Amino acid sequence: MIRVERLSCAIGPVRILHDIDLEAAAGSLVAVVGANGAGKTSLLRAISRLLPISGGDILFEGRSIRAVKPYRLARQGVVHVPQGRQIIPSLTVEDNLRLGADRIPSLNPENILRNLEREYARFPILRERRETPGGSLSGGEQQMLAVSRALMMEPKVLMLDEPSLGLAPRVVRAILAALRRLTSGGVSVILVEQAAFAALEIADRGYVLKNGRIVLSGPAADLLKDQALIQGYLG
Amino acid sequence: MRGRLRYLVAAALIAAFPLLGVNVFYLQLAQQVAFVSIAVLGLNLLIGLSGQLSLGHMGFYAIGGYGSAILATTYGWPLWASTLAGLLVAAIIGGLVGIVALRARSHYLAMATLAFGYIVEILAQRWIDLTGGTMGLFGVPQLNFGDFEHGGIYFFWLVAGALLLLQIVNDYVMQSAWGRNLRAMKESESFAAIVGLNVSLWRFGVFVASAVLAGLAGVFFVHQNGYISSDAFNLAQSLTFLIAVVIGGLGHPYGAIVGALILTVLVQFTAVLYDYSLVLYGGILLLVMLVYPGGAAGLLSGIYSRLRPTPKAVRVAANERAELDDAFRGRPGEGGAGESLLEIDNVTKRYAGVTAVNRVTTTVRRGTVHSLIGPNGAGKSSLINIISGLYAADGGRICFRGQDITGLPAHARARLGIARTFQNLQLIYNLSVLENVMLGAQSERTGFVAGLGRWCFSSSFEADLRRRALALLGFFGLAPYADMTPGDLSYGHRKLCELARAVMQQPTLMLLDEPIAGLNNEEAAEIADAVRRLRAAGITLLIVEHNMSFVMDVSDRITVLDYGEKIADGAPDEVRNDRRVIDAYLGVEAVE
Amino acid sequence: MLSRAGFAAVSALCVFAFAAHAETVKVGVVQGLSGPPAIVDFGESYLQGIKAAVEDYKAAGGKYQIELIVYDDEANPQRAVSMVQRLITNDKVPLVIGTVSSGNVLAFAPILQRAGVPLMAGPSIATNIVSQFIDENPSFIFRCSMVEKYQIDAILDWGVKNFKKIGLVHSTTGYGNFAAKEIKEGLKQRGVELVAVEAVAPSVTDLTPQMLNLKNAGAELALNFNEQFELMFRAMAKLSYKPVVAGNWGISSRKVQEVVGNDLIEGSVMGQALDLAQPKAKAFDERMKKIYGDKYRWPVVAALGYDGARISLMAIDKAGNDPKKIRDALEQVDGYDAISGTPPKPFGPKDHECLDKKDVFLGVWRKGEVVRLQ
Amino acid sequence: MSLPDFVQILVTGLAMGSIYMLMANGLFMTHLTTGALNFGQGDFLMIAAFVTVSLLTAGAPTFVALPAALLVLVVLGVLLERVAIRPLERQGARDSGILAWILTTAGFGLILENVATLAWGKSSHYAPPLFTSRKENVISVFGVGFFVEELVIAGIALAVIAALYWFLYRTRSGKAIAAVAFNRDAAALLGIDVRGAIVASYVIMALLAGTAGMLVAPITSVQAHMGLIYTLKGFVVLNIGGFTNPLGILVAGLVFGVAEAFCNYFDSAFGDLYPFIFIIAFLAIRPTGLFGEAKADVR
């Protein structure tokens, strides 16, 4: 579905990503773990084209997306849920949910309405809050809203940056479970997480990032076998 | 060599210029350039260094001018007295407007100053009994020292001389701690606060100073021709100053003079092309802002430095590791190691509903390395921000060295000896690495005049400060990068640079917010090493960090937070084996 | 015979040589040519007159090449002063004409007086411009323009005779305040009090509040000394308030007429110095209309600009490039047939005003034309 | 003062107030998306006024003249964003950052003024009444006279603002603009064309200024330098209303206009002084406007 080939990025003189290779097949869930500042967020920003690429390439459905603008990529189905949720505080929950979907030409009003119902079913709390401004939601609710808002867009590739950030374990579990279920629908998920093991538990493949390099990768199950090693890299 | 020669040459030129038989017209233009430069100099300091925008400086120009003119003409004061009085009035009004400047920022400040300018314009025009309005004030005594024949020449010498002196002061400010602090403040007020600067005071001071300079320019203006009319004081004048600053080069030491010069020439030029003057002005504004944001002075100095690059300053201990102690003189510990230094008592912090820190209580003991760990969003950074005074706690109290500091502003806490680093680095990118470190040394500040004197006449200006900053850079292995800007450094080096700055503050307590996040093993090792040596030097450290092995390695004591609650507090071993900690930190329970 | 021919040839040569060496005289002009229309309208009209005068001087085969050097003072005294400095010291002009804002003239007049370069002031109308220098010997300050005091006196004499309640609307600019002062003093001498005094700031474009106050005060005569003369009429229409309007010569501007419309402006009175009933004035009016079209707005200002320049050129023709001589020549100029009310001998040793009290009369709008008020 | 007088002044004030309100909302739109204020916005107003006047005097019917004027303004809006704003963003935050947009937009405005003087001369022009054929079109109610324009101005202005708010809070594009205002990257990740939204906000600014210009033309004199004072008063209103709250701007605009009219009624000599004294005192007490709330300065 999406393939990253020898990707390098730099902000000014500082090189932040070195020769990253990563692949997310359709219907698979890929976990990217690593310490703070290892470059996990930068990787996602590069894939969603917010970050200029200095080397390598990114292929989506076989086509290079180097030259694609972020908003066009999002409309094509590569959806990125950034860190900190980025809920528009002045808009209501429902407006937030529709925000992305409204932009996608292939979605007609009926589709959108259907998706809306689907998301309300997924996170009932959102239905209760549909008319309240996004700004007044709790952290957990905001995270749910952010995920739902992305799913409203019927993504082919869904990228999440630290969805567990500052959330109670229950919520984290709920969200991760929801993600796992998604993949069965053919969506490929790229999950960047602090809670490394929690993420790897549900992932098909895992990548360990350190100082902008991939230092370890493979089936999540194999990686989990050697927790100490990963611990070392996380630290 | 700080260009003392330059000033002598300038003085010589000033002395010679009028004697070269230039005609009255050019002499008057020269006078005009000189006093306009003075006003622009002040505005350049205000906007370029302290980042406060004023759209109404003509107001101070007018107030200074009218103050002196009216006293000298209507009330027959001697010129020296009326001049001083004019400056005083400008200073007082500047203070009043400055109070607004303290509260209002960016466009609100722009609005306030603009309104002020209008008020002055209207009063000057309509308070006719006082100002004479548009019909003007006659017989304003000229500053010609009783010699009408050569009065113009004396006047030029006076104004240009004043400009030269002010230029020297200006250069001093820009090259000394004063300028560094202002630039720091402009980029980040919170940073300025945590190195111990009283931001409000500084903003106020600069505002008043620039008001006085504008007033001085006004004083010279009204005594140039012996006649003034309110038409000379309008919004356009404020914009003229502004345009001069930008064209000349915002924040550039010579921006003011260059700008005033260009503008004066421009005005003469457009006198004939009056049908196209606005296109000209507008075009120049766009051109400068879009193509040469550095302004003319910036452009010139750029060319100049390309022609002959300035030699790197010779530095002590360029590469080899300096010993920390010779740079760092630990404060005399008021108490023995082990006794409590910082007490956090039931501190609580909420943001819009979310409770980030919930009734946390712990004690940091003198001479120890105390770590604060927990998953993201556990409230560690919030706690650090509360301790350093950037956030106000919603509940509880904090005691430092036995003194309740809960109510103190950040800069006051810094002065008490609390230094910190930031998770997302706080470095000043307009300053060199060395200067960033020097920013830490706020504790020993020399008086303005004393500093000016040393800057002018002693070759060892700030030498000691420099030496110690360099030594510190040496200690962190950054000496080779001293002259670069933080922007040119790698992430790891930036972290070290910030650490060096914090040490430069000679703190009793250092708060490190994720000191090794994003560093590679070697760098991390360096930091760990540094931490130990700082501890040895008698500094107490409170560290927020994810990296377990690092924390276990350096800490004497560890406090663990989770969802704002303290879940463990003890020696590394106890904490390591605490089940709740493992669960919370490695998020294992999500696995089961 | 031969000698005769030779003489003819020689004299012909002389003539030729003379024509070739026709000396140039630079004339400096400072005018308000950019900024608020209240200024520019005056400045441009006066300049139109000056240019016409130079053409006629050429056409009449004047002795010298005349080169106009025109600078814009943006109605800013500081700038005006430096422009005059430039004219004197760099362009070395022997005579300066200008400018609109009396404040500016007052700012640079002393410089010209000191430098001994004659000034033909205009269209500035502040009373004291000429009078404060007239006792210098000699004074280099002349003027060819309306004199505020004269037109105000004319208006007040007439107003006091015909109306009981008089109200005033003046601008807050230097001009407006100056006029207001003279009016109040003038009325005090005549033992009359204004029933209402209203001011208009330059940024104000709706005079409803001001005119409402005049209306409530029951003013029958509304004195209009706000440079945006037309504004008052709009508010009057709105308030269905119809006082007689009298004021500054500006009310005779074609622009005001066009804006306000003949029905509303009918009967409005203003100080005047140009009688379009006279054929040569009419001719001038036609000619300027032809040249400048709708950019020609202000017959009386243009006419005074023309006369001022013409008189100056007559003096230059006599005295050439020497400022002092020009000054003296100005006082001697005689037998000039002026467009405006200017007398044949405009100046004398103690008279440096083109227009004297007797030359200023009251004009009134009648059916789209300004005529003498009977 | 008598009741009729009161009403008279009130209506006069409401008319001017609506103009200021339109200007303030224009400034608000560009500030929303780019944090910049168009200091040449008054010159936009001026151009719109000139175009309208010259078309009407040339005999074009109203329904042709107004759209034509608006079209010109749209072009100007796009141009401004392209020439004076986008390059600055590419430049990034320089030392001149706080000044940059003030001077580029002001520069753009100065050029417009000069163009106007070249095209229409330096003298002031007057519009034939927009909405009626008679030269002076006064309607009288209980002895209180109004220009039809005054009533129409208030009416149209309110309608325009209502439309603007409907657009901002009810339409997809409006919500997109809200998203861009909140965080550009986040907006882009939701498939929102950020640049498009920004340009849109500048076009809206131009349209608001244009509407103000067309409305103000019939009740005032039109000349090249008329704009600045409207920019400033719009700016004042925006400061009182606060940069966050459209409702605040609406209220502030009308109140300011009425207050100004009464100032002129009671003390015409210094009528224009009081608003400025007020704004300074106001900012000293509420440094972030009437409805705006202070933001924490940390990070």
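So that you can tell them apart, the chains are marked A, B, C and D in the order they are listed, and the count of residues begins at 1 in each.
Note that in this section a residue touches a chain if its C-beta (ideal position, glycine included) is under 8 Å from a C-beta of that chain, and two chains touch if they have at least 3 such contacts.
Remember, predicted model here, so these are calculated numbers, not experimental data.
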| item | value |
| --- | --- |
| Set of chains adjacent to chain A and to chain B | D |
| Reference chain A; chain at largest CA-centroid distance | C |
| Chain closest to the middle, measuring from C-alpha centroids that were averaged per chain | D |
| Inter-chain centre distance, chain C versus chain D - centres from mean C-alpha coordinates, in Å | 38 |
| Interchain centroid distance [CA atoms averaged], chain A/chain C, Å | 78 |
| Centroid distance [mean C-alpha coordinates] between chain D and chain B, Å | 36 |
| Whole-Å gap between the CA centroids of chain A and chain D | 42 |
| Interface hub residues of chain B, defined as touching at least two other chains | 122, 126, 275, 277-278 |
| Shared interface positions of chain D, touching two or more other chains | 117, 269, 272 |
| In chain C, residues with contacts to at least two other chains | 33-34, 172, 201 |
| Touching pairs among all chains present in the structure | A-B, A-D, B-C, B-D, C-D |
| Chain B to chain D touching residues, read off their complex | 47-48, 51, 53, 55, 97, 99-100, 103-108, 110-112, 114-116, 118-119, 122-123, 126, 189-190, 235, 239, 242-243, 245-246, 250-251, 275-279, 281-286, 288-290, 293, 385, 390-391, 424, 430 |
| Residue ranges of chain B in contact with chain C within the complex | 23-26, 28-29, 32, 122, 125-126, 128, 133-136, 138, 221, 225-232, 234, 236, 267-268, 270-272, 274-275, 277-278 |
| Complex contacts: residues of chain D adjacent to chain C | 2, 5, 8-9, 12, 15-16, 117, 121-124, 126, 135-136, 138, 140, 145-147, 219-221, 223, 225, 229, 261-262, 264-265, 268-269, 271-272 |
| Contact set on chain C toward chain D in their complex | 33-37, 40-41, 44, 172, 198-201, 203-206, 208-210, 212-213, 216, 228, 230-231, 234, 237-240, 255, 259, 261, 263-264, 295, 297 |
| Touching residues (chain side chain D, partner chain B) in the complex | 31, 37, 83-84, 87-88, 91, 94-96, 98-100, 102-104, 106-111, 113-115, 117-118, 228, 232, 235-236, 239, 243, 269-270, 272-273, 276-277, 279-280, 283-284, 287-289, 297-299 |
